[in-house]
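Both complexes shown next keep subunit A, but they swap its partner, so subunit B is in the first and subunit C is in the second.
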Partner chain A sequence: MPEECLISQKPTLKERILDFYRDFGVARLIIFAFLIFLLASAFALKLPMEQILSSVLTRFGMNGILVLAMIPSIQSGTGPNFALPLGITCGIVAITLSIELNMAGFSGFFFSVGVAALLGAATGFLYGFLLNRVKGQELTVGTYFGFSIVSLMCIFWFLAPYKSPEMIWPYGGSGLRVTIALQDRIGKVLDNFLAFDFFGVTVPTGLLLFFALFCTGLWLFSRTRTGIALSTVGTNPKFAESSGLNVNRYRIIGSTISQALGAVGIVVYAQSFGFIQLYMAPLFMAFFAVASILIGGASLKKSTVTHAVIGTFLFQSILVVSMPVANIVVADNIADVIRIIISNGIILYALTRKETGGDLS
Partner chain B sequence: MTGPRLEMKNITKEYFGNKVLKGINISVQPGEVHAIVGENGAGKSTLMNILFGMPVIHNTGGYKGKITFNGSSAPISSPEEAMEMGIGMVHQEFMLLPGFTIMENIKLNREPTLPNIWSSIFGEKMRTLDIPRMRRDAKAALERLDLNIDEMLQVAGLPVGFMQFVEIARELDKTSLQLLVLDEPTAVLTENDAETLLKSVRRMANEGISVLFITHRLDEVLSVADRITVLRDGEQVATMNPSEATVEKLAELMVGRKIKSILHKDREADSDRNTQPLLSIKNLHVQMPGEEVNGVDLEVMPGEILGLGGLAGHGKIGVANGIMGFYPASGEITVKGKQIPLNSSIASLNSGMAFVSEDRRGVGLLLEESVEMNIIVQAMQSQGKFLKRRIIEMMDAKTARKHTDRMIKDLDIRCTGPEQLTRRLSGGNQQKVCIAKALTLEPNILFVSEPTRGIDVGAKRLILDLLVELNRKSGVTIVMTSSELSELRSICDRIAIIYKGRLEGILSPDESNAKYGLMMAGALAHKRKAAS
Partner chain C sequence: MSDDIRNPDRKMTLQMVAPESRHEQAYKYYLRKNVVPLVFLILCILGGYYSGLSLPFLINEIITRMARNSFIVISLIVPILAGMGLNFGIVLGAMAGQFGYVATANFQMTGFTGFFVTVLITVPLAIIFGWLTGKLFNQSKGKEMITGIILGFFANGIYQLILLYFMGNIIPIRVPTMLLSTGIGIRNTIDIKGMHYAIDNLWKIRLQIPGFIFPIIIPVVTLAALAALCIAVHFLFKTKLGQEFRATGQNRQIAEVAGIKVDRIRILAIIFSTVLAGIGQVIFLQNLGNINTYGSHVQVGTFAVAAILIGGASVTKATISQALLGTLLFHTLFIVSPLAGKNLIGDAMIGEYFRVFITYGVIGVALALHAWQAKQKRR
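Up next is the complex of A and B:
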């Protein structure tokens, strides 16, 4: 019988380095090296580093919760949530409602967050039933479900009886615009909350605090009875069943939380971005979130808050830094190409590694 | 031809230092039916895999010894080579294409063809199938088996017995066939079909084809074989003529081993103290694929270690899996006089039963989680242990760690600490984690399935000793399922033998080997059938 008679003593230093290397993964090492290379070139090209760093912080905070949304979905065994556009559209609906009700500032923001979470949870709950019928194909089904929802919502945006002149097409008088500005509404409410300058770098305190709050919440949740049940179901459904857990129920809980986080995530994103974009805009947003958490070291079956934080930081940093560098060195718009190559490449890499994040020997 | 058709000399095979065949010598004459009998794991399949040149043998370091076929040395290195030499094999699992007709299955990849206009341009592969000839050949092969069936029927939907015959017909159709290996051909057949099959085996032998016949059914062996070889634990314990053999003798040879059962002696005194069964099973049916249970009645007494034995595929493993709600089950289970609803893991856990699954890596462990999580999570989710209430129920890290540390110490789990991933542990230590997990539930009844499967020899003893200790010191009643009879006999108080999904009988561990062999081969069931 092939029997692995490993480890009964403490690992040696060499083993630890090897373990670290394996845990960290080749992909992340490459990304990390690339980021350092970019930073060095930015510095050499005498680009305004303060501005770049401010931008990194903001983009890190604004994308964070969207990436956190991947965690419950991965933990419950349904893989990264490719159907994130479902939650995202819920969040956008919530923001448009707040504008329609003529709300602004923090009241508008918290109203949007609340409604977004409720809508996201409700749709995520229903989507969970679909996931339970397509076990083993969640990734493909999720991707196409996300695409379908975006297209379906195009009809909604066009037909919904909104009246606010800020949002509807100026001519015709019905249907929502493609891009809606938020500067007089919830734009930058979090970013500007307690914001301060530090050696020229603007720190969006409110935004980072809000992200930290969600990170802590999700971490605490993973220590609760339900949270542990959730990850048990994801790690080994048979084991979970033998512990008397209802696997389908926990998968639905995972989907519910994930979509609710996605909905809240887009509200945070939008307030920082200053606009909401309707129609086809949410189509590929899931991919960036998926790529972020995978870069952070998550696998298709295991993820933690740390993975999300590291991943968001790496992914967004590369975007922010590569843009000005590429514009000078190569040509305009190459940054967006890089973004797509990185995000799709990292997803491809993760999908081809069947088991874990690369440390299954 | 004068010499033997096949000679296997001093065949030895190791899997990673574990000797599974120890110097086997077999010689088969033309037209001889040579039977090979032995328990599961005796080495029969390995021997056949060597003969057939299966890749699994060569990927694991090959074998030692010499094989001669028709007088010339034949180091068979692939199944294709074996087939070319005229060795045919009918596997235990059917290798048929269900959507194809019987004829197509028989002639698959050996179809006679006719040239056509396309083949003259694009080559051989485009030639037309010669259907009439295929039908004739198929029909002839089936007739040699005394089988009257339309060769144009689809294989899907045929009774299993017929599929077996189609497999054999396919081998017969190969004109070069000189040696046919039948791996437990009668296992899936009804008595009548089995008889027909045995007759056709005899007929093949008369035509000069040598047959290697692997089986558990001892009465069959006596009626059909010219020579009988008995394997046990990779050793060739005997080769004899059927005239020298009796069913009892074969059974004894097959099971073998004089077992010292030290353990149960000290318990006989208190065996009559409790007369009320702790667990009673009535008419249990379990639909576990490959291990179906068809109506088992069994009573488990408090404080005992009950063994469940029997050959693979007869349902011994299904019993515990059914009771614990893993596979659809029906029947009546009562624990301490209280009936337990079936098909519900949580109900079974709550009634004080715990289960160490035979599928350690698949069901038993969270391989990607820490030792600690593995040990506590089941008790946390089913019984609400290791939790503290803070608005919502949070994990109580302190008590969890304390419990884990104690389990690691008590069960001597060799790991770097509670945080180590179970995937990195050795098989024996993984099994200990599984047992620790079950003990955390503080069960009255502990089901243990195949506790030593895939564990190295030294650790096996440790696991068994651990079970005995739990039983003696903590008073846990244990129901242990195992394919290794010697293991059961070394620690159990009583051993129930399951045959074809039913209880064949209950034996004491120091009953004679012959009795065990007979029961496992279902002698009683056959007798009952004959009487009725």
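Up next is the complex of A and C:
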């Protein structure tokens, strides 16, 4: 059995630490040094660290699942999921449905998560067939597939027969609003669940627990037969094929789980953010998720839950800390520019790494 | 698709199966090969009909847009033939053009001199950007397109950093109206009224069509520059360098064995492309008369790529006529779709969303088709 071969090759702790050190690379070192510099300047400027830490925790939990969505996609050998907007729009459709059906609180949230997961899995399944036909160009095709879906959905948001007054324009105008507030619906239901203050730091317990649940689930999945087969297909498709695994089938499974996680991820994101943004808003969301997992140490062919957790935490910390620091030191909006440079810089770095090979498949 | 006809075995079977219907086969082949431009031609005609625009207005708009956009689209041809796919990195060329304008606007230059100096500043900048892009692409062979897309975003970040936080601060700016009220950072729009129509107005021909009030205006010099470019690109591929581009595009390994310095040729192809895109952006902006500082360059890559694909080009094959036809069809769609959407469904936004979807969708489908064919060829 192929599974047994892999288990016997499991690296020791020392090898893993060495591997981690080798994979860390220059780009990550720069980003890490930058974060430390930011934290030091935040201390020097006497910024309210409790507030900063609270918002790091919230943003960590709120973006976490979107980053987790990259793992099945990378593991199954299709590279980071640049077509994440597909799953994201599914999640947004689920939330709008829950509002249309007049649901609120936890029932609304779980309804949204359920419908999002179903829709995401269905579209991810279909998208998997496309991925199998475009082996080697998944990243480029995925990027433009995501863009096309977002622009196609613009027409949907515009024509969809929603009736809820919270979502359509109050008078005149047609189609859904650009931004829909969730405060009376599913807004903050997870954030406020069992939340407590700890030395002035607000801990969004529900949100973190929900994220931890998904991390554990994905970790357990990677230990199952299917999970191991999935990563075998990704790391060595020739070997996988010769040991009797159906490569295309596992790539479809990877895509299905990835898009379902993306759909659930945006529901969690939206409940914490307090709004959903329609139309062109999901266009660039995939890039930040991709950047996060790459910062955490993943490559285009290798990723684990740990990479996602570390990456999300580092990336969100930089975003949260850089904003007040930049406000005081330089100018108002530089944090946004830094975010663009860092996220795309790390993706470029990953793309030019030699060990990922010239071809993804 | 067109590989089928080149493949001798395939040609033989065609002839053996139906010797009497070879004309029909050729006709079908022609249709299949040109299906994308034909579909868009029909879309454009339908859109033009429902938009209710008058013919001279439409023709004027098309001439203006052809004159100002074709240059950038043609800049994509060299990297395609050199086997590097669609060069999304031309965004950097556009940025070089805008840096050029910031410099000339800073020295308050006007007219043709201003335009000329802008080009002079743009070209060396674009050469440097192209060289760096080429180096990067050589590091990520086989993934040039996604690298180009991400590079565009990354460079946009650097561009914003320089224009928003360095200018007026580290880089002195002479004209205070170009800066934000804080004195640091360039405003959202840069006024280049002095260079508006700098080359369009050098020589304009007005054609009066009987029965219509508005004449058709033809910017002769801009179109002449475009024609010169087309001829130059055509002859480039007849030179030794051009043949080396082609050889590299067909097979990197064989080209390497044949003594071509592949990496160098690839960098040269990208430099060509970036410089042309830079000049193209300068021509584009002199027609507009002002620069949307943080927006004019962002979509340059996407629009140019969509245009050349609509013209019938693919990731591995492109001609000048495809680039020109594509620009014509894409920009006609640009003009008519909001009005057609408004007249058909009652809202201009529908047409606009439809056009955006077409832009991204065409690129997505073309890339998917290419990857699909490449996969079948590998079998």
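Here is the rule we go by: the second predicted complex is superposed on the first by the 330 of 361 C-alpha atoms of A that agree within 3 Å, B and C clash if a C-alpha of one lies under 4 Å from a C-alpha of the other, contacts with A are read in each partner's own complex, and residues count from 1 in each chain.
The working rule: contacts are C-beta pairs under 8 Å (C-beta built on N, C-alpha and C of every residue); 3 or more make two chains touch, one makes a residue touch a chain.
Quantities reported herein were computed from a predicted structural model and do not represent experimental measurements.
> Taking the superposition on A as described, I'd like to know which of subunit B and subunit C A:S174 touches: first, second, both or neither.
Only subunit C; A:S174 stays clear of subunit B.
> With both complexes superposed on chain A, which partner does A:L194 reach: first (subunit B), second (subunit C), both or neither?
Neither: A:L194 stays clear of subunit B and subunit C.
> Where does A:T352 make contact in the superposed view: on subunit B (first), on subunit C (second), on both, or on neither?
A:T352 sits against subunit C, while subunit B stays out of touch.
> On subunit A, which partner touches more residues: subunit B or subunit C?
Tallying touched residues of subunit A, the top partner is C.
> Thinking of the overlay built on chain A, is A:I340 touched by subunit B (first), by subunit C (second), by both, or by neither?
second
> Regarding the shared-chain residue A:A212, is it in contact with subunit B (first), subunit C (second), both, or neither?
In the superposition, A:A212 contacts neither subunit B nor subunit C.
> Under the contact definition given at the top, report the residues of subunit A touching subunit B in one complex and subunit C in the other.
360
> With touch defined as at the start, can you tell me which subunit C residues reach subunit A in the complex?
Going by the criterion above, the answer is residues 136, 139-143, 145-147, 149-151, 153-154, 156-158, 160-161, 164-165, 182, 184-185, 347, 349-350, 353-354, 356-357, 359-361, 363-364, 367-368, 370-372, 374-375.
> Would you pull the subunit A residues touching subunit C in the complex into a rising list?
That would be residues 82, 130, 133-137, 139-141, 143-145, 147-148, 150-152, 154-155, 158-159, 174-175, 287, 330-331, 333-334, 337-338, 340-341, 344-345, 347-348, 351-352, 354, 358-360 of subunit A.
> What residues of subunit B sit close enough to touch subunit A in their complex?
15-16, 18, 324, 326, 344-346, 349-350, 355, 357, 359, 362-369, 373, 377-378, 380-382, 384, 387, 392-395, 397, 414-416, 420, 423-427, 454-456
> So in the complex, which bits of subunit A are touching subunit B?
Checking each residue of subunit A against subunit B gives 1-11, 220, 223-226, 228-229, 231-232, 235-236, 238-245, 301-302, 356, 360.
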